[in-house]
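Which chain is which? They are A, B and C, in the order written, and residues in each are numbered from 1.
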């Protein structure tokens, strides 16, 4: 159980990011280190001035699904960003931006929310992942 | 080969669910235990009164892709639900609903198709996963 | 580090395929064998006469995201197909089409780009994967 779980986050919709945050928090609660590697639209969602915005849902959500998610938001359910902040308090959660995606989106590290610990390339991601699971979300 | 393969199902379109069902059946045929953990729109697709409906395809499918899938349906190809039922006969396939997604969608266990064996939290999911693969679909 | 990393490619949009190509190239650069297994819309993108076309982006990309990707294309960034070709020169990268998806799309092996090494079923995929990671993209 000492090997980290390594989540590559690609999608930036609130439902996928919430699923990723729950998997992160669950692993952290069990004492498992978690590495998050942010690419493309997931990275875009971690921009400092956008992280607390509405990032939409997967296209398949439908009107009924949107209604359920909206009801939870009004009821005060923690956002994915808040769940990740709590997971960081709970355990060893490291969040890195993919350097290629930083270039793609024209971002500097100062554009990102403080939840993000740094920027690294895919080789560093693999080396940190070691023998642990790689999960693409 | 004794560690289970653990599939987190998030998407509820027929093409992704069919891909998941094929990966499940293949692992079961090789004698590998499979745990499925249903979240969000995948869980919604396992509702008792919806499981046999058309759940659409990924947005990228396009008109030609839709035509191919429709042609197979008419030709009598097994649906993903049927493929999963067969996989359960073949091997150790356990299907659990994510308790957080049950709350999100306002579902009771009795709302779900009998293919679903129970409801559990993310911690239980990880404990059952053990050292096995985690795959997010 | 001798176990392969095994990527199941389902999505056929240029952003997801580029993410997959980067994960492939990174693993190959570290000397890790990589197996790619092409299903559904990813397989469709590897058709000989379509591989170099524009395959669009995930629906969530948005106008700003589209602009960034287009700017890179104009600046001459390698396409995912080119990145995969380079990864094959670099290391042990094997690309197999899923036989069920070949049937679904009505394809023959001669319809596919030479990047694809062959056609296999899901059982062969698992046997080649051995104890290595399975990642669904």
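Assume a contact is a pair of C-beta atoms (placed from the backbone, for glycine too) under 8 Å apart; a residue touches a chain by one contact, two chains touch by 3 or more.
All of these numbers come straight from a predicted model, not from anything done at the bench.
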{"item": "Chains contacting each of subunit A and subunit B, listed by label", "value": "C"}
{"item": "Classification of the subunit A:subunit C interface as same or different, half of numbers criterion", "value": "different"}
{"item": "Subunit B on subunit C, rotation in degrees - Cα superposition, rounded to nearest 5", "value": "120"}
{"item": "Where subunit A and subunit C are represented by their mean Cα positions, the distance between them in whole Å", "value": "23"}
{"item": "For subunit C, residues contacting two or more additional chains", "value": "58-59, 133, 135-136"}
{"item": "Contact set on subunit A toward subunit C in their complex", "value": "8, 10-13, 39-41, 44, 56, 58-59, 98, 100, 104-106, 121-123, 125-127, 133-136"}
{"item": "Residue ranges of subunit B touching subunit C (in the complex, touch as defined)", "value": "5, 15-16, 19, 22-23, 25-27, 29-30, 32, 58-61, 65, 68-69, 72, 133, 135-137"}
